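Per-chain numbering from 1; labels A, B, C and D assigned in written order.
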Amino acid sequence: MKEITKYISAYYLDEEDLLSGIKKMQENNVKVLDAFTPFPVHGLDKVLGIRRSWLPRVGFIGGTIGALTGFFFQMWVFTEGYQMNIGGKPLLAIPSFIPVTFESAVLFAAFSMVFAFLFRSRLGLGAENKIYDVKSTDNHFVVVAGYEENKSDDVKEKMEAAGATIIEVKE
Amino acid sequence: MEKKYYKSIEEYQPIDGSPNNYKNLAKNHIGIDEPVSGSPSSRRDFLKLFGFAIASAAVVSSCEQPVRKAIPYLIKPDAITPGKASYFASTFFDGNDYSSILVKVRDGRPIKIEGNKLSSVTKGGSSARVQASVLSLYDTARYKNPAISGVEAEWEKADAEIIENLKAIKQSNGKIVIVTPTIISPSTLSVIEKFIEEYPATKHIQYDAISANAISLANQSVFGKEVIPSYQFHKAKVIVGFGADFLGTWLMPVEFTKQYSKGRKVGHNKKEMSYHAHFEAGMSLTGSNADKRIVTKNSQQKIVIANLYNEIAKQLGENTIEIPASPVDVHDVAQRLLAHKGESLVVCGSNDKESQVIVNGINYLLGNYGSTLDINSPLNLKKGNDSEMETLTKELNKGEVSGLILYGVNPAYNYQNAKGFLNGLKKADLTVSIPSLKDETAEECKYLCPDHYVLETWNDYEIKPGNYSLSQPAIRPIFNTRAGQETLLKWAGVETEYVELIKSNWKKNIYPSSGFSGSFRDFWNTSLHNGVFEKAVGGNLEINYSKSAIPSGIETESSEGLELELVESVAVGDGRQANNPWLQELPDPTTKVTWDNYASISVRLAEEMGITEGDIISIDKQLSLPVLIQPGQEHKTISVALGYGRTNAGAVAEGVGGNAYPLVQHNRQTRIYSKTGVKVEKVEGEHEFAKTQSHHSMEGRPLIRETTLSEYIEDPASGNEFHEKVKHHATTLYEKRKFEGHHWGMAVDLNSCTGCNACVVACSAENNVPVVGKEQVKLAREMHWMRIDRYYSDDIENPEVVRQPVMCQHCDNAPCENVCPVGATTNSSEGVNQMAYNRCIGTRYCNNNCPYKVRRFNFMDYTQSDAIPLNTYDPAGMTVDLKRMVLNPDVVIRSKGVIEKCSLCIQRIQEKKLDAKLENRQLEDGEIVPACAQTCPADAIVFGDLNNKDSKISKFFADERNYHLLEELHTLPSVGYLTKVRNTEAKATKKKEIKH
Amino acid sequence: MEQNMENKFVFDSKIKMILYGMIAVGLIALLVGLFSEGVVESRFWANLLLNNFYFLALALGGTFFVAVHEMGESGWQTSIQRVPEAMGRFIPFAGVLMLITFLFGIHHLYHWTDTAHHDEILAGKAPYLNTTFFYIRFAIYFAGWSILSYYLRKASIDMDSDADIKYYKKQRILSSVFVVFFAITSSTSAWDWLMSIDAHWFSTLYGWYIFSGLLVSTIAMIILILIFLRNQGYMSHVNKEHLHDLGKYLFAFSILWMYLWFSQYLLIWYSNIPEETVYFVERVNNHSTIFYVNLVMNFVLPFLVLMTRNSKRMIGVTGVVALIVFAGHWVDYFLAIMPGVVGENTKVGFFEIGLTIGYIGLFLFIVFLGLSKASLIPKNHPFYKESLDYHTNY
Amino acid sequence: MYVSPQREPLIKGEKDYATITNDVTAPMAGKPGKYWFMGITISTTAFLLGGVATFFTVWFGIGTWGLNKTIGWGWGITNFVWWVGIGHAGTFISAILLLFRQKWRTSINRSAEAMTLMAVACAGFFPLIHMGRLLVGFFIFPYPNTRDVWVNFNSPLLWDVFAITTYFFVSLLFWYVGLIPDLGTIRDRAKKVWQKKIYGFLSFGWVGSARHWSRHESLSLILAGLAAPLVLSVHSIVSMDFATSVIPGWHTTIFPPYFVSGAVFSGFAMVLTLLIIARKTMNLEEYITIGHIESMNKIIIATGSIVGIAYLTELFVAWYSGVEYEQYAFLNRATGPYWWAYTIMMTCNVITPQLFWFRKIRRSLVATFIISIFVNIGMWFERFVIVVTSLHRDFLPSSWTMYKPTLVEVGLYVGTIGLFFTLFLLFVRVFPVIAISEVKSVLKTSGEKKK
């Protein structure tokens, strides 16, 4: 696929207009690449056909690993590594292990998810993603489509038809 | 200072046993001269034994020298194995307390005193003061050198001047007086005799700060013998005391406690115990242990005694004494005494001769002489004649005494007319003091010739006829001191070493009649090894009773107004060892106050006078003391402990409490320790006591369980029903751990324990328990691993008192262990709850969760072992190098921020286990004895292996009386308690609680 | 599926017959229990108490569900609110049955009623644990619950015919009163009827623990009734979103129940003080199977199954889990009651199962009767529309 | 999504998305006002005081505190529990209210979460400083070492280590993840280059694409799902510091849930105290409305009543248990030498919040402010009562003592308050105190303009 270097974008001031706009554009065969919004718009992912995130699964796996690590580490310490008679309690003091097991599960799950999120979204300290338009973090909802020289007017028209307030072309 | 390095082994090696080499070695490498205290050759054996490791201690005496703590042994001295303790039999006697002891010496340092089981007198027991005495050895306040007019001098110079003076006095026919405390050493007496031989115009006066002169005077008039009888409390089925605190302070508390507790013990084979009634005004240790305590004014004591006499005399058809009726009922006591003729005992602590005479009469009528008390085998204690001291004071003031030698006495502090005495002292030409501890008198004399401490010196003792004991130096003298006996011998011109004199005395006087089959050398060595030599004397039961000595009538004092009672404190005794931090921090067994004396007043009097605890009162405008409200105190009697208010005894003692000795009276030949018609007023100020216990009620909880004898006979488990109940309901969510091998346990017989506190000091000494000082005790931060809880119940005017020694209970299901985040406290494979101090991070969580509150936290850097500099908190000076000599190297000292607690003396367990292993044998039951159990004069503490079914501890645990503290919590303690049994008819119903 | 214009549940004879049948099974079981020698008296009364308490808990839970959501100004549940409202109707019936149980069986259930046998600890508790006060409390509980539950439902139904906001306000006030009253009585009733079985034992958490069980089982019951109603063609507005939310509740409250169970167990296990451990020792040692089955049914299964979003949105899965949890909490109460009352004779036989079937029949009969009397939709509820239009993501 | 007109608007005034951005970022632009400077001066002074107290504690030992042989924990652990409790409101608001779809949380969750972090930091200080040997405090972590020594997993204090650490990090992640889009907004509006740089750096390169938002929302919800049980576990574990013991007054099974509700109770009180001031000084009244305050007050009365019921349950069961130690412990709380602490606790926690049953009081700023401070005080005393009065008279009357804090302990407490406010004041300068994107997301359904 040819790399896209130029984009044409439609601006909205209201999320409902955005949703209906995108739907209209899609009906009119405008290939909507992405949308930049100041807050999460309900239904946007469905409209754009974004799959449900895998993050929950990552969290589940992280949590499971955390829980198992926590539990078996404690078990190892008490029954193998450092066998001590502590208050006459059994070496395999399972009720005592639950709190730490739980905490490590949560800790692992949270960290694995956040790292997965950052990694998957290419976010991170000092990450330099291209900021399409600073207005999109304020009050504008921006729909972006690939710019193709020959089709631009058509797309523009369709965007206008889809109720966009501003239409711009950017690198 | 330049460091000196050894160039070769040879340079450092010339130890061939010759004394000079030792001397040189000391000079070269330690940097001091050997103390001049006798010819070197005779010290050789001693030196060989104790070497020079102690030299580090000696160094401290001269501050310029650096302390070197490591002394290498290139040739191991015979008796010293580094890391292994040696025990030397010896005797502790300071004029007041007597105990046959073993001195535990580690690397040349005495670190602990244990009772000597071979003595038939103290039978392995000792008291708090004896236990603490090892610390007094290292008292930094001790006189380090002889002094002339307050300036330190050489012995040679002092000797020369003194001898010159003495000779001058001799020439001018001047009078010389030697004042000593009671001397029970035959050899010391012979030294004094030798001195008198040289200076015939010398008079020897024995002066007891706390006098019992009335007893010997009474015996003189009744039986013609001026002695103090010996007592056999264990033979008495009925014991009646009149203000005699024989379990705490009176005469021979260690011996009496042994005897008393023997008579009090019950068990499967012995379902009887002695009955003890006690008449007293203040709440003493003894009174609080009595089955029946009758509150009596001291001024009326004589009337009560005489009434008792009359009750008995009447029934026996003897003459009675004309007296007013008794303020308290004595009929019941009289009946009991009469029912046990020949096996009862009446003792009286009063120093009033007439009272003692009547008590003698009672004992005589009851046929107790020869059975429970014996004047033919007297106690050689308290030989002081009170009037002699009065006379001496008069003579001194008249200038009739030219030479005064004060040998081990401190009249400037403890003589009631100290001012008069000191005035007179100035008039004498020659004044010499021979003190072993710093005191108020020594520096008033021109010549100060410091004596060895009791642990540094040779001596012999004869506590009872035929009952000899020896003391031997357990350490080379730390300071430039000299045995008093040698000092006197030197002045008398006798060139014998004192030890040789003792030997020759023994050879001459004791050996021939000893029945010993070997040579004298063997005899001597055996005696020295054993510490005691006892031979049967007597069989002489004859007594001459002079009936006429019993008065037909007695004068009665007015018992109006307030009365003062002066008592000896269990902690500091007569005040001699007041500079001993262990004793100062030792809580009084009854009031639980440390670091203080005070005026104990009754609850009623406090209400009447509008006084609350901590207010200050002045007594006869002579002494101002804070008030302590004492349940069981006689309504109008104020009790004050002697032994406090030292002014020149060292930093620890000074400023603690007030001196009550000036309030002592002298009338009718003897010193009287009470006073009537006392004027008391409240003065400005407020005082906060450093108490280790502030709540006095058991709140109806089954902590100390008791029963009465009759109930016990009926059902040995009586009073302990709760134990069965708990056992019945004991459920658990996890199996009880099994202990393979040993499972250590301890049991305390509450019926034997008198609460004397000896174990507390023993524990502190054994385990390096820090002293925290008054301010920290006020904040409830005392560090004692072992404490004795005391509760009152019933009538606040005369409560029942119970005591319970509490140490770590070594729970098998220990709540403390569970919660330590770092696992610093765990259960050992032998059931001991142990602390890893260097693992402890000091969250104090374990202590919070300990239901017994036996864990102690190092709130400050008490031991100067912290990583952070300049933060030591050591008000008692326990971290100075010299006092650190007393530390037990087997027990690590704990730093700031660490929890510590009783370890069941794990170091002792390990030592004995190792011994058994090396000898390839099983441990025997009773082989391991923790410090508290070792010391206990009442044999109340038993230690052993719970896995050994035949051990004593297993039998204790199987006893119906056994229970565990807070057993309903299922902590499964390894410490058990046996119920207390009172010999009273009354059913032990639920006690009324005293809210206080 | 708008086949029912009034949105009213038609309690038709087919359903009635089934429920009659179930009730009949219960009656037979009751007779078996009365006359069979295999069913000892303590077992008989214990089962009556168990079922009484369980279905009372469901009824109370229904009312509590409504009340607490009203208080919290929650909107999503309004469209299903009629079901829990109807569940609350069982309270007075449970009261009558409970009263009968106590009147005849109290001595078999609570050994503290035996004052002839002196027991020091029980004597200390006597000011609270005595039959007179017991019945006084009983009366207060049922009076309060029944009246509040009745009026709460009435206000809701009144709203159908009159859209005035005053009913809504009234409902909110009644909800507050009920929640406060229930906050106290849920604990005290649990102490009275369950904790006092093991009269020496005590646990401060017990009331809240029982309460958490009540919450979960109520949610399970609501889910089951909703699924039934949907299968019958009602409540077509109840969609996956509602189910998802209920599934989340089931999931969350199962965790809450486990949390409280564990808190209580851990603290007692940890300190291991006999006066507390006695309760668990009896159950772990002598009823170990039920002990662990209880945990599996009420925590492990719902937790594992309902963790994913999809399973919560699948009617079949959520329904099965709800059924397991419903049975699970019966087991939980069984474990609470039986060891103390029946002890070693604890069994599960025809009597237990039959009686429970009978109670289910009776309970559902009363609930369905209630549902048939009013619209299934509180159409005038101010938040009703919110309930129809919402999405739940996770 | 439909929102009933019955509901009060959550955002007042004529707002659109741009005004929200402006309003929220306004306090960050420009120079701080004089109140801010006054506040930061006072709080840093208090913080420095705490530094001095810390020095004394570490140098001279715990002996500088008022503790003794019987009472091993005093103000230190009281403060610890108090601070942890305060922290719980943030997590509660962002996690549990999110799961319960309470939209009003959007205006307050950001600052409440920030408070969580600050409070947990203050809380975490106390278990450290209360160690007798702080220098070897690292023993508490299970790290491999040559001696093969491990920690004791039976100890609730060790559970605390895990719980507090997890809590802090998860809260931090949760807070920061929520902050990323807003940092993007600020970055895009920053005028100065260095601001752009810093915020650009901190915003992790956020662009706000549909995919970002999709994952972000997913992440936030799951983190909320994790934080909800976490918040229960943390204070439950804190409560187990006491409840696992055998000490009467500590060992009671109701502690875990009771502590959690107490924590939320005190946390909301602190949030109220702060936000009532913040909304005023930062002109955020239209975002943090009376309606928000009323909602929080409802939580206060709910949790306060739960706490009250727990108090009564404890009292009743102590009597009912028939265990004399248990009975005495509670009698002593109410009538013993620390009766005043118990009275303060009861008054402030159970009685005064009941005033919130009245709508007028619920919606009165002054009353709310006063009662919220009462609750802060009351909850501090609750922990004091639990820690000190349970310990000072436990099983053996021989060991009963009293406890009085020293200046050093007071200094440490003041120091953490100083730290808390210093951090909060810095926070309001550099981060948006209101979650901009979240508020925008509810503007359409809950803004006043729409209605």
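One rule holds for everything that comes next: contacts are C-beta pairs under 8 Å (C-beta built on N, C-alpha and C of every residue); 3 or more make two chains touch, one makes a residue touch a chain.
Values in this document were obtained by computation on a predicted structure and should not be read as measured data.
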Result of counting contacting C-beta pairs for C-D and B-D, higher pair: B-D
Chain occupying the most central position, where position means C-alpha average: D
Chain whose average C-alpha position is farthest from subunit B's own: A
Subunit B and subunit D: spacing of chain centres that average the CA atoms, whole Å: 58
Whole-Å separation of chain centres (CA-atom averages), subunit C against subunit D: 35
Centre distance in Å when subunit B and subunit C are each reduced to the mean of their C-alpha atoms: 72
Distance from subunit B to subunit A - Cα centre to Cα centre, in angstrom: 80
Of all residues in subunit C, the ones touching two or more other chains: 266, 268-271, 273, 275, 391, 394
Residues of subunit A whose C-beta touches two or more other chains: 42, 56, 82, 84, 86-87, 89, 96
Interface hub residues of subunit D, defined as touching at least two other chains: 1, 149-152, 154, 156, 158, 217-218, 222, 229, 240, 244-246
Partner subunit B, residues of subunit A touching it in the complex: 82, 84-90
Subunit B - residues contacting subunit D, complex: 693-701, 703, 776, 779-782, 787, 789-791, 806, 815, 818-823, 839-845, 847-849, 851-853, 855-861, 866-868, 871, 873, 895-899, 965-966, 969, 971
Parts of subunit D lying in touch with subunit A, wherever the complex brings them together: 1, 16-18, 21, 142, 148-154, 156, 158-159, 162-163, 165-166, 169-170, 173-174, 177, 180-181, 184-185, 187-189, 200-202, 204-219, 222-223, 226, 229-230, 233, 237, 240, 436-438, 440-441, 444
Subunit A residues within the subunit C interface of the complex: 42, 56, 60, 95-96, 98
Of all residues in subunit D, those that touch subunit C in their complex: 1-7, 99-102, 154, 217-218, 221-222, 225, 228-229, 232, 236, 240, 243-246, 251-257, 305-306, 309-310, 313-314, 317, 320-323, 357
